[in-house]
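Down below are the structures I want you to see.
Presented sequentially are two complexes of chain A, the first with chain B as partner and the second with chain C.
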Partner chain A sequence: MHSLIQAIILGILTGGVYALMASGQTLIFGIMKVVNLAQGALVVLGAYLTYTLFTQLGIDPFLSILITTPLLFLVGVGVQYVLLRPLHGDDVAQLSLLVTFAIALGVEGVLSFAYGSTLTNVQPAYANFSWTILGYQVSLVRFVAFLLSLVMLGLLYLILQRTKFGRSVRATVQNPMSAQLLGVNANRVSALGFGLGAATAAAAGSVFGMLNSFNPGSHYDLISRLLTIVVLGGLGSIGGSVVAALVMGVASSVVSALASPIWSDFTFFIVLLLVLLIRPRGLFGARTRGAL
Partner chain B sequence: MQLHIHGPRSRRVRLLASVSALALGALTLAGCSAASPTASSSGPLKIGISLSLTGDFSDSGKAAQRGYDLWASVTNKAGGVLGRQVKLSIVDDASSPDQVVTNYTNLITQDKVDLVFGPYSSLLTVPASRVASRYHYAFIEPAGGGPSVFAQKLTNLFFVQPAPTTKGGDVFANYILSLPANKRPKTAGYAKLDDPFSAPIAASIQKRFEAAGIKTVYDQTYPAETADMTPIMSGMSAANPDVVVGGSQEADAFAQIKGMIQLKFNPKWLFESNGANSPGDFPAAVGANTEGVFSSADWYADSTIAGSSKFISDYVAKYGGDAQKIDPTSAEAYSAGMLLDQVAKKTGKIDNATIIKTLHSGTWPTLVGNLSWDQYGAPKGAYLLIQWINGKLTTVYPSATAQHAPVAPKPHWAG
Partner chain C sequence: MEAESTASEALLHLTGVTAGYGAGLILKGVDLAVTKGEIVCLIGPNGAGKSTVLKTVSGLLRNAGGTVMFNGEDIGALPSRERLHRGIVHVPQDRSLFPTMTVWENVIMGAFILTNQALIRQRAEEVAEIFPIVARRRTAAAGSLSGGEQKQVELARSLMLDPALILLDEPSIGLDPKSRTSVFASIATLARDGRTVLLVEQNARSGLAVAHMAAVLEAGRVALTGTGQSLLEDPEVARLYLGASAQGPASALATSV
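Take a look at the complex of A and B:
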């Protein structure tokens, strides 16, 4: 019983970090119908930025989020403007897959050139600290990361629900044509949306760098996880991706601790298959377009 | 001992490797044995090497390059091999098993190099050594020690490390079983990375522990993509074994230790087959929590083996930096060159047939120990047991070469 509860605590805290990464992924899909294969690479880029700020300038990894998120927001906007906006026609979805994969490879190449392929991680003094609560261990970094994810997701919610930009996003998600007729600048919404998605990757990257050793190739495993989370949650649903990330976190942690790590990812895929059999659009996938 | 598989792309690369190995096998079957291209026996001694200067293994590939280059420049300063200046032809294989085949074929048939040395990793050594074997070249290789290398049963191959990679942990079992029965651990837990270089190391230790009555209370194998080891360590911590054996590569070893610290689980003995033997990366990844962790190694900066301090001073003079940051791969590559020097001195000749025949008998001192091989190139020695003591890697077993007695039980985590 003790092992089970410990595993659930670990799973929820880890799931929170994945929720943050996946929320950006699903937001981008919701707005642009682009499956962003570069999201994992952007997380790794965020981790390397945090690493550099920490080792060169001594900036605390959590504080560095204030620098990395705006930076990657701009990168995201730039990428959308230069590489995705020019795509036209019926093949946009397929083409964008290739373009975002190319971006991922490009980011990986640049990082390999700059940092080499050796594993690295961000190691502040408190990286391994944990509290003992009722006999259970709660890691400081994971706990703060979880809170941070909640804050970031809350901010994202407020932006989408309470701002003019958010209204434009939701309108674009529901019906891009009508939104444009009503004066919404679809290009602008797409660029800012991609920027927001990249910004969530930056925040998640700072935390990812403290929790895991990483190298420029780490994005392959990340993106496969993110895609399964987004599909389970329902493509385009931020709430769905949060729930799916928590389900994945808890399922893999509990199976790892109590059964075998070999089965942990597999279990998640079984859950994914079952959900898709019953609800082909995922847990919270919209029956009609527009439930972001 | 060094890592032979890196990063998440390794599975893809491994797939490529199997495909190219199949293709190569078919080629070899279809064709007959090729004649050895005639290389000149005067003028500079040309040695061809393919290395991973880009791609997944680039950091280790460059470390091997530094070792080879250093050996060549030291040897040339001392008058060369049998009076011939050494000239290395190093080409990049981008960590690709296909490119490595092309490279060695070109080096041997087009560039007509006199000799070849091995590439980095077992993945590339397997296809490369088949090319060398086809042309009857000796294949002295410092970085391919996996089971697939020796399973080829090539008689021209010599692995320049003390033992095959899967025997990396045997020295830890020797140490534990050398303790009096009442001081030995009673229970053991194993966390094994599912790859041919890692899990077998822990399995080999486990077999000997179980035969000696050390009970297995936790035993899990995890796939290579497991980034977060905390759930596994939470199972380990619940089982509370006296000794924890990690059959690990680098990232997972660091993650295991981070998991143990966060769960406040401190075993009496902790052995990690890889990762903890990295003098620079390990402290960078786990901070001050290195103390008391065991691993195994062939060469490291404080090694007391003959020639090591000269190697270090030459290395630092040529490349700068400090001794602790020298990758063991550089010492292993350098040792490949040392073998050539010795064969030349002993026989007065330096052709492939002589090298192959000569190395098959006798014992050969190098930076990574006194080497001798079985007929298929598997070294017959053992690694050194090393432990982090006062922030430094220290040899603790076998006693004859130990710099310090093993520290047990392991001190508490620094946090």
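Take a look at the complex of A and C:
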């Protein structure tokens, strides 16, 4: 029982970080109907940026988010502008899948060139600090990472619900033609939306680098988990992806504790298969167009 | 409606407009003049290009040839956002509300291109007086409203820019008879205050009844124009578009729905 509860705590804390990564990916899908295969690579890029800021300049990994997030926001806007916007025609969905995969490979290549392929991680002085509460261990890094993810998700929520830009995003997700007829600039919404998605990857990447060892190829592992989460949550639904991330975090952590860590990754694929077979639109898939 | 005689007074004036998707042209030379303050109804068979006419006016589709004049200005090359700024609002055929936004948010979205918050709020309050549903269901998710209610909110939203020209694409499609009646009553309301309405309507009888002027579109060209009333009484129009039998105008009008 003790190990089960410990696993659930760990799962929730980890799931929060995945929720942040996945929220950006599902946002991009909601706006552009693009399955962004580069989201994992952007997370890894965020982790390496944090690593460099920490090892070269001594900037605290949590604080580095203030630098990496705006930086990757700009990268995201640029990527959408240069690589995705020119795509036209009926096969945009397939083409953009290829383009985002190419972006992932490009990021991986550049990172391999710059950092090599050895596993590394970001180890601040407090990396191994943890509290013991009622006999359960809660690591400081995981706890702060979880809180930070909640704060970032809250910010994303406020941007979407309370700002004019957020309204234009929701409008575009729910009815693109109607949004255009009211004067919403779809290109602008797509660029800023892709930027926001990349920004969530950056923020998640900074904490990912403290929680895991990583190398430039880590994005393959990440993207398969993220795809499971966004499909389980219902493509385009941010709330759904948050719930799905927590569910998956707990499921893989429990499997890891009760069976073996070897089966932990496999949990994702079992769940993905089950969702696709039983409920293809995901837990919270939209009944109407768009789910934001 | 006579293009030449009213061209100078026409708010909207299409001359030889051609448009389409890819290689095929749907509009093959449309001539149409819409006078300020009038409701003009376009009828015609499926595929004649009625919706395409509206799209070339609102800018969803660029005309390949001919000119689209609005208030004496050739707007053919302007993006749809610029046309909104000039007061042209397009209410599309499909449900166009944002289902998870509230009714009020949907109405506010109608003024997306405006920045003056006080003006937006004031307009929304005015619109809510004209369309009581907006006030009554203010905080309801738009997707939870019935089809007829949603159409009323769409019409309300179209007033947020205080438009000069409202393009309505099949506003009564998919509605029950009661909602249909109230939609046509609302269209008559829109036309007051000097607003101009260009209406595409599959339900030709109701469309012609509410229209000052009307045009029959066939295979991408205007085949016939006249007042709404004169087209209602035209035996050929009755036979083809008012769902009447071919036995004769009198019986056709009497027996058709």
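Just so we're on the same page, the second predicted complex is superposed on the first by the 275 of 292 C-alpha atoms of A that agree within 3 Å, B and C clash if a C-alpha of one lies under 4 Å from a C-alpha of the other, contacts with A are read in each partner's own complex, and residues count from 1 in each chain.
Here, a contact is a pair of C-beta atoms (placed from the backbone, for glycine too) under 8 Å apart; a residue touches a chain by one contact, two chains touch by 3 or more.
All figures in this text were calculated on a predicted structure; none of them were measured in a lab.
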{"item": "Superposed partners chain B and chain C on chain A - clash or fit", "value": "fit"}
{"item": "Chain B versus chain C, judged by how many residues of chain A each one touches", "value": "B"}
{"item": "Computed vertex angle (chain A) for partners chain B and chain C, CA, steps of 10°", "value": "150"}
{"item": "Partner chain(s) touched by A:Gly183 [first = chain B, second = chain C, both, neither]", "value": "second"}
{"item": "Partner chain(s) touched by A:Thr14 [first = chain B, second = chain C, both, neither]", "value": "first"}
{"item": "Chain B versus chain C as contact partner of A:Gly217, first or second or both or neither", "value": "first"}
{"item": "Minimal inter-chain CA distance - chain C and chain B, angstrom", "value": "38"}
{"item": "Chain B/chain C common contact set on chain A", "value": "none"}
{"item": "List of chain C residues in touch with chain A within their complex", "value": "58, 60, 80-81, 84, 89-90, 92, 94-101, 105, 108-110, 112-113, 143, 157"}
{"item": "Touching residues on chain A, where the partner in the complex is chain B", "value": "2-3, 6-7, 10-11, 14, 112, 116-121, 123, 125, 127-130, 132, 137, 139, 211-213, 215, 217-218, 220-221, 252-254, 256-258, 260-262, 264-265"}
{"item": "Touching residues (chain side chain B, partner chain A) in the complex", "value": "6-9, 55-59, 194, 220-223, 225-228, 230-232, 234-235, 238, 250-251, 254-255, 258, 261-264, 281, 284-287, 289, 413, 415"}
{"item": "Footprint of chain C on chain A - complex, ascending", "value": "164, 167-168, 170-171, 174-175, 177-185, 288-292"}
